[in-house]
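Just so it is clear, A, B and C label the chains in written order, and each chain counts residues from 1 on its own.
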Amino acid sequence: MSVLRVANLCVVRRNRPVLRDVSFEINPGEFVGLLGPNGAGKTSLMRAALGLMEAQGQSSLANLTAADRARAVAWMPQSREIAWPVPVERLVALGRIPHLPGGGRLPPKDQEIVERALARMDLGALRSRAASRLSGGEQARALIARALAQDTPFLMADEPAAGLDPAHQIGTMQMFAALAREGRSAFVSLHDLGLAARHCTRLILLADGGVLADGPPDAVLTPDLMARAFGISVWHEHTAAGPVFQPLEVL
Amino acid sequence: MTKLMTGLSLVVPVLFLLSLTLGPAEVSAGDSLAALFSDDYGPLSLVMREIRLPRSVLAVLIGAGLGLAGAAMQGYLRNPLAEPGLIGVSSSAALGAVFAINTGLATGMALGLPIAALAGALIGVGLVLLLAGPQGGSITLILAGIAISAMAGALTSLVLNLSPNPFAANEIVFWMMGSLADRSMLHVWLVLPFVAVGAVILLRLGRGLDALTLGEDAAQSMGVNLNRLRLMLVFGTASVVGGATAIAGAIGFIGLVVPHILRPFVHGQPSRLLWVSALGGAVMLQLADIAVRVILPTRDLKLGVVTALVGAPLFLHLIYKTRKGQG
Amino acid sequence: MRVWRCILFAALLGATSGQAGPTRVVSMNLCTDQLAMMLAAPGQLASVSYIARDRRASAMADDAMAYPINHGRAEEIYLLKPDLVIAGSFSTRATTDMLRRLGVPVVVFEPGYALDDVPARILQMGEALGRQQAARALVAEFETRMASLATQPTRRRAALYSANGYTSGQNSLAGQILEAAGFANIAAELGYSHSGVLPLELLAMADPDVVISSRPYARASRSEEILAHPIVRDLTARQNTGEMRDADWVCGTPHILRAIAKLQHLHIGAQALSEGIQ
């Protein structure tokens, strides 16, 4: 049973086709990285798949009711909005909104989930700081933790690693990979091909409004596909320390 | 948070009693309160029941409504500058009320006045959301507010000046500044259903407003129906502000000052801010209404004078902070 | 030809009043309108203000129908080619100044603040119109009727209450009308000598025997809403005086005699009522 099934998805914005006939499926245990140059339609694809924007075609998530969808998938948008100076702890607890009838104290079970999310994103020391006054990277971690606290079988995040320091970039990717090993799934857009090579179980490469490649990292991060999608040359080797991927030059 | 709620809940009845004992007629506090419950005090009983009681009740009711409406609008627009008075919702409501009074709609139909004010407020909120919806920044919001206020103010003046009633032309001050003087229990019964219905609607928006802290996309993905939220917000705000303005004129700044002061106490969480802002709004309007009576006991000093003297500097401070935040 | 007629007319005027007056007079104030209509020679008064025709404010609305009206604008008044303009001291300064610059003589009348002002204003109008004799006659008639109206004060307590909670004390025309009719004005008890806002609460606490108010305008206003407040409504309902204050009260002219007479009538009624109760 897949967590997301997208079939023939088309998105048109201002009379300009953004996505054409995109189809794929994400299964439990997969950590899928979504790659593609700027303007390839990564964000549109994720939002359309969630039913947050107008699209033709099928998406299993878009068909759900809002309440069911909120229990099926957690979404971390690219714009890292934190409108009010809410303490990190409470911000993360917002992830419990779909599961609670409203207001009041968090039940112990939910509090536990929030604690786990805080620990996973290394936010223990920041828990009582006002989230809106944290640095950009810290905010991103808090927002990922918020999505984790939604405790859904599937997690979608739009460039969660952007702006994080290297340690937290790696930590975040390892966290997604760990979720996948637990049997959940993650679908994450990113620009850091090196991180994608090392941590994702599968990559979808988007270019010119369509899926250019879809498969394990080795099958997608080929010099030929990289040249076609990004116009760059690359160095990609399997080393004793795992796969290493480095973009080299613009072609 | 609970301490704050308890504190505010205690202050409201204390101020209520204080307000009941204040008035140009110099009567001891004990006598005035006793006269409220006994017919033995002659005209004082009448004064207490028909003048001071409605005034005190309206201060609580309208203050709570305005505080709540401010907190809800700010939560939805994610902007601490959103306030019914400043963004033209109150002036639109006043326009509706003036229209109802001067066309005879208010005299022809018991609920004509508040309904017309509600309709005015609906147009006001609708325009604000249209022009400066959640994606619009502070500047758009303030500009939209200026435009809507100016338009509503001009139309209000026009209606009042066109009125064949010679007194009408001088009433613009009341509609712009607001007052609770010389209202009767009839007015309480007129405004109560509108503020109550609006408040119930707004108080139920807490979850959605909390989720909106993270932006529209995140809120939607957490199961919040944004269209429904928007509709409830518009109607709830219009009902509260319309009802309040129809009876007391446009009282500004309460919805700005109260949530701003109380936000740190609830750790910025919009849902928790709703209840405390309602209580805080009641406290602030009670204080303002006590102040106008202490400063000028025998004249009708407008409430907006006091609320603006407190609120305008705070508003400037907020604009300054917002500017720094952007720059 | 026209010139000759004017001279003839002026001569006639001179014969009756002893002095030649202006021949084309425009009044732009409700109260000067009325004085002028009472005193002017036929054809002398060229225009009165539009308010003179308003039954609510003008005690001579019917008489005013015979005159062309003006709206107090410099342009329209100048085009009427007046040789005298009579304005009230509340008329727009800009208008009267403009007319003076254009070479039109303007006389400004103070409003009547007291009963004693009535003869004075009548005589002043007589002066302005060159109708001194008519003015003296009117004053004599006014004073005779005033004397015959004199009542023994029984000091029933009354209050004047109008839109926005305004009351009038002894130094106002309305206050003096009230007193002339034998009432004690509660404004004096409360320390109001002139006009001013009387808080509703103080009115209720003073508990006057009679509250005299005016009929609200047809189109409602918030200012008049106070007259519908339960407390005011109860007080005016005692003697049915809610709509009693009318056009006769507005200006310091002999019409205030009518207002006083009506009040006296009420006064006697109120007395009878209270005696009946006792």
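Here is the rule we use: a contact is a pair of C-beta atoms (placed from the backbone, for glycine too) under 8 Å apart; a residue touches a chain by one contact, two chains touch by 3 or more.
Here is each chain with its UniProt name: A = Hemin import ATP-binding protein HmuV; B = Iron-uptake system permease protein FeuC; C = Corrinoid ABC transporter substrate-binding protein.
No experiment lies behind these values; they were computed from the predicted model shown.
Chemist: By mean C-alpha coordinates, which chain is most distant from chain C?
Modeler: Ranked by distance of C-alpha centres from chain C, the top chain is A.
Chemist: Could you name the chain whose CA centroid falls nearest to the centroid of all protein CA atoms?
Modeler: Answer by centroid distance: B.
Chemist: Roughly how many whole angstrom separate the Cα centroids of chain A and chain B?
Modeler: 43
Chemist: Using Cα averages as centroids, what's the distance between chain A and chain C in whole Å?
Modeler: Chain centres of chain A and chain C, defined by C-alpha means, are spaced 83 Å apart.
Chemist: Would you pull the chain B residues touching chain A in the complex into a rising list?
Modeler: Against chain A, the touching part of chain B is residues 78, 206-207, 210-215, 217-218, 220-225, 263-264, 267-271.
Chemist: What part of chain C is in contact with chain B in the complex they form?
Modeler: 163-165, 197, 199-202, 204-207, 217-224, 226, 229-231, 234
Chemist: Under the touch definition given earlier, write down the residues of chain B that touch chain C in their complex.
Modeler: It comes out as residues 23-25, 27, 42-44, 46-47, 50-52, 101-102, 104, 106-107, 163-168, 170-171, 174, 181-182, 184-186, 297-300.
Chemist: Considering only the defined contacts, which chain A positions touch chain B in the complex?
Modeler: On the chain A side, the touching residues are 47, 50, 52, 66-67, 69-71, 73-77, 79, 81-87, 90-91, 94-95, 97-98, 102-103, 130, 132, 143, 146, 150.
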